[in-house]
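The same chain A turns up in both complexes below, where it pairs with chain B and then with chain C.
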Partner chain A sequence: MSSEVLLEVKDLNVYYRVYEGLMHVLDDVSFSLVEGERLGLVGETGCGKTTTFRALLRVLDSNASSKGDILYKGCNVNKMSQTELLNTRRTEMSMIFQDPTSSLNPVFTVGEQISSVIRANLQAKGINYSENDIKDIALKALSDVLLPDPERIFDSYPFQLSGGMRQRICIAMSVATERKLLLADEPGTSLDVTIQAQILGLLNNLVKTTGMSVILATHSLGVVRETTDRVCIMYGGEIVEIGPTRSLFANPSHPYTRALLACVPKLTGEGIAEGIPGEMVSYLNPPKGCRFQPRCSFCNEDCNRTKPKLTLYEDDHYVACHKADL
Partner chain B sequence: MDIPILKLSMLKKYFPYKKGSFVKAVDGVSLEIFRGETLGLVGESGSGKSTVAYTIVGMYEPTKGQILYNDQDISSLYKFRSNEIKGKIRIVFQDPNSSLNPRRTIRQILFTPLKLHKNDRYKGFPASPEALLEEVGLSSIYAYRFSRSLSGGERQLVAIAHAIATNPDLVLLDEPTSALDVSIQAKVINRLMDLQNRYKLSYLFITHDLSLMRNVAHRVAIMYLGKICEIARTKEFFEKPLHPYTQMLLSSIPVVTDEEEQLKPKKITSRGEIPSPVNIPPGCSFHLRCPFATDQCKKLDPDMKELEAHHYVRCHLY
Partner chain C sequence: MEIFRFICKRTLWSLVALVGLSIIIFTLSRVVPGDPARMALGPRATEEAVEALRIELKLDQPIIYQYFHWIASVLKGDFGLSLMTMRSVTDDIKIYLPATLELVIVAAIIQCVFGILLGVLATASQGSYMDYFLRIIAYIGVVTPSFVFAVLFMLLFGYKLPILPVLGRTSVGLGVQPITGMIVVDSILRCDFPVAVDAFVHLLLPATALAMNGMAQLARITRSSMIDNSERDYIVMETAQGLSKKEIFFKYLLRPSVIPAVSVLALQIGALFANAFLVESIFNWPGLSRYGVEAMLFKDLNAVSAVICIVGFVFIIANIFVDILVAIIDPRVRLKAGE
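What follows is the complex of A and B.
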């Protein structure tokens, strides 16, 4: 693994303008990613994982505004012109969306959709191509994701395929042409465990062979533990803990991380924890200090007043908590 | 634990499909559920687990086979069942957003089963919507709200309150927590366990989450393409999984601790997908994905065998 920084996110804030007021969703999210690294983004529903991804690609909804620096290879994505942005999206980054059924167009064949992605990529790179080249690349991508009979799948419509196959097609579309960064938003969530295991194995192999970096957003702690090098735990639009996967799972130190890990049903059969009391933060009116403080059993006045900063806990393992050494 | 509260014998449910072919959603399921027991029914999507539940509750009429409730045949549609049976077997659906009427308050929703089953309840059972809400751990002020103002977990608790309102014997839980986050899931599951202890409820817990079943179920059954391929007590099931499909499922679970990693069978990696229930492969329905498949498996469908006490497997390997 080279140590060159590919992506650096500094103090990313995202706001949504809604009827009731201004929702402050992402609050000073900062992280970085080196080349060939696999980073996990974990948190419960509504903690801002997908918003982070959309901000990175600048595909946020029209009522959203984003502030902060997203440095991709040193260029600020938030300040790019439309052409630069399109080129980046066509040649550098790609995203796998959460729901493979709704991210594929039902009225075009798989072949047409995957070809258009490849065509855009080749045009952006200024490479001469023929339609046969494109089909070859597409078929290779389909067989790379272990789809049986790529020729038949190339000519079929998404509804003719199963959920697992559709998800593979979405992956094939993102990796058909060489990319540097893959944003995978819950790639296994809508699938069965056996299919999920196959998809994650596939992603791992692709990362190994092509050397690209991956950010994997999921709510499943188990998936992250098995497929990433480093993990960010998100709560209420903030990163509360970030560290190498091994050390974070062996030694979780933020109260939220610990509570979340305790809630996961274990194969050892030791019973199920009581759950986390209280409710998810309201983004319209987030608490002043630590956003987890209303649900935290260790909180004191400090937590009420000041927001904890990410501080070094052990090797490369950062925690945003006033009481992390508890 | 001697007389089963519910017994299915060779239950089959086929749905007509194109030109004389059938979707064999449930293809010969036999199982027993005892009083106060949780039976986990686990399988991939398309294995027919929900169809089993819908048939038990009377939403579908079985194509073949029997459903016995306390030794009484109830294999008819819901509308032909007696009021008493309707109140004794209840169901909680996966998605509480679509199972609660958005135009009625929680109080109105919970009042209907209370009113219809007034005479079947014994004394001391919660008799008002407010008492029911408190029974599942919600504040009684929710009674005058609509379901839209509740969170996902709270809605599911209301659906559970609705199911237990008639003082049932058996509650069918059709993936009650798979739409919820783990921290909410923990709350709902704890509440369910609590209710089970208090009212001696039996649960048929349908899910695809095996780790959850390790902590919740007394017995676990694995379903594949409309058939049960392994059924055992939870402890034995997880310590000594026998069927190759069970081993494949167990080895695919993403876990969070090293101790759990030790418990996973290492032998089988997942391959292939569940075939369509229209063309079920001949012989053992799992042979296309099974690494141990032999010629015998391609031709002959194995029978259910009791290998150890209460541990049944449907596989030619044993």
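What follows is the complex of A and C.
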């Protein structure tokens, strides 16, 4: 594994303008990623995983504004020209969207859609191609994600396919042509466990053979534990803990991470998971101090007043909590 | 192919609708108060003459018998005698229907093409002055009745700035031996191009006046559905995959967005016939809508039923046509109906 830094995100802030006011969702999100690395992004629903991914590709909704530096190979995505941006999207980064039922255009065949993506990629690379080449690449991608009968699926419309099939099509679209960074947003949610394992195996394989990096957003701690090198725990739009997977699972130090780990039903069968009491932060007027503080049983005055910064806890393992050395 | 199955199925359903329509028309025409025979002959006719006409018109028979008698002759293309013109209703319709058909078809084309075009233009320039301008025009277009446009156009292009003809179907002295009765079509078929151009120019103002409401409505529908769809996941996904703005806008966004506009077109065709009456009167257009209203005022039952029948029939055909169009654009309609 080389250790060239591929992506560096510095103080990324994303706001959504809504009727009630301004939602401050991502709050000073910073992390980096080296080539060939697999980073997990974990957090409960609404914590801003999808928002982070969409900010990286500059495809946020029209009511959103994004501040901060996203340095991809040293270039700031937020300051790129349209052509640079287009090239980055076509050849460098790609994203697997979370919701397979709405991520495919309902009135075009799967083949047409996947071909468009491949065509754009080949064009950006300046490769000469025929329509047959494109179809071959598409069919290969479809069979790579274990879809039966790729020829038929190529000519089908999304509504003729099951949710799991559509999810695999979304995955195929993103990995049909080689990319340097894959943003995988819950790539396994509508797949059954065996297929999910196979898909994750496929992504792992791509990482090994092509040196691609992956950021994997998921709710599933089990998946993260098995398939990532580092994990980033997100709470309410902030990164609360980030570190090597092994060290983080062995030594969770943020109260939220601990609660999250405690939520996973133990295989030993200690009964039902507890859940984390309290509600998600309100992005409209987030607490001044720590965003987790209202739900935290360890908090004190400090947590109320000042925001904890990510600080080194142990080797490459950072945590943002005033009471982390508890 | 699945599109054929779709068309067959759709046509069969239309037949059912036609039978329903015929029953409704017939019932309505027989329950209106007033004695048609007396109306036809006038107050000074003798009781015997009126009675004779009643028998001739089969008005003395049971209503079920009257219905089947009527249907049988309608299927033969015979709508009976018009009490207003004292000619065969079928002959009257042969004269008036093509004129209206020509007007409505051109209006439908104008409103579909320009409505969607303006909607796309407004979306492409969303937030700019162009967008505001088009939206204001569209508001005005929706709320203004078509006869106001007719009068306005007439004053503007006929008198203030006389560049277009405002009365009749052709200039005086020009004409063509009828084949379909639609002068533009006939003159093209007979290779008489000066007449074709003349007839087409005569069509422009009335057809545009008639099209204004629907055009504005379609522009609004197209714009709002494009803007709605542009935040959909699939458009975001296509953007994230690096497809060009042009490809996304004109291919992946446009196609799903015109579906609601095209569907609405089916309903609008009914409104076109209804609005055609005033436009025809203003432009002195010898059309079916005008004929129909006059027949109604005259209590000319045969003519009224014939007009409603024909308009209903045309409406159903137009609906089939629009549905096929939607099925071509939207695979969900095409393939699900074929199951």
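We adopt the following convention: the second predicted complex is superposed on the first by the 324 of 326 C-alpha atoms of A that agree within 3 Å, B and C clash if a C-alpha of one lies under 4 Å from a C-alpha of the other, contacts with A are read in each partner's own complex, and residues count from 1 in each chain.
By our rule, a residue touches a chain if its C-beta (ideal position, glycine included) is under 8 Å from a C-beta of that chain, and two chains touch if they have at least 3 such contacts.
Computed from a predicted structure; not experimentally measured.
*Asks:* Please tell me, clash or fit, for chain B and chain C sharing chain A in the overlay.
*Replies:* Fit - chain B and chain C, as placed by superposing on chain A, sit side by side.
*Asks:* Identify the partner contact of A:Arg90: answer first if only chain B is touched, second if only chain C is, both if each is, neither if none is.
*Replies:* second
*Asks:* Regarding the shared-chain residue A:Ser220, is it in contact with chain B (first), chain C (second), both, or neither?
*Replies:* first
*Asks:* In the overlaid three-chain picture, which partner chain does A:Asn132 touch, first (chain B) or second (chain C), both, or neither?
*Replies:* Once the two structures are laid over each other on A, A:Asn132 reaches no partner at all.
*Asks:* Quick check for you: in the superposed arrangement, does A:Met173 touch first (chain B), second (chain C), both or neither?
*Replies:* It touches chain C, and chain B stays clear.
*Asks:* After the superposition on chain A, what angle is formed at the C-alpha centre of chain A by the C-alpha centres of chain B and chain C, rounded to the nearest 10 degrees?
*Replies:* So the angle at the centre of chain A is 80 degrees.
*Asks:* Name the contact category of A:Ser81: first (chain B only), second (chain C only), both, or neither.
*Replies:* So A:Ser81 meets neither chain B nor chain C here.
*Asks:* Superposed on chain A, how close does chain B come to chain C by Cα atoms? Whole Å, please.
*Replies:* Here the least C-alpha separation of chain B and chain C stands at 9 Å.
*Asks:* Same chain A residues contacting chain B and chain C, which ones?
*Replies:* none
*Asks:* Which of the residues in chain A end up touching chain B in this complex?
*Replies:* Chain A residues touching chain B: 44-45, 162-165, 192-198, 200-201, 219-223, 225-226, 249, 259-261, 263-276, 279.
*Asks:* For the complex, give me every residue of chain B touching chain A.
*Replies:* My answer: residues 44-45, 151, 181-187, 189-190, 208-212, 214-216, 234-235, 238, 248-257, 259-260, 263-264, 269-271, 273-274.
*Asks:* Could you please specify the touching residues of chain C with respect to chain A in the complex?
*Replies:* By the definition above, chain C touches chain A via 231-244, 247, 251-252, 255-256, 259, 329-332, 335-336.
*Asks:* Please give the residue numbers of chain A that touch chain C in the complex, ascending.
*Replies:* So the residues of chain A touching chain C come out as 54, 57, 59, 61-62, 86-91, 94-95, 97, 99, 102-109, 113, 116-117, 120-121, 124, 157, 159-160, 170, 173-174.
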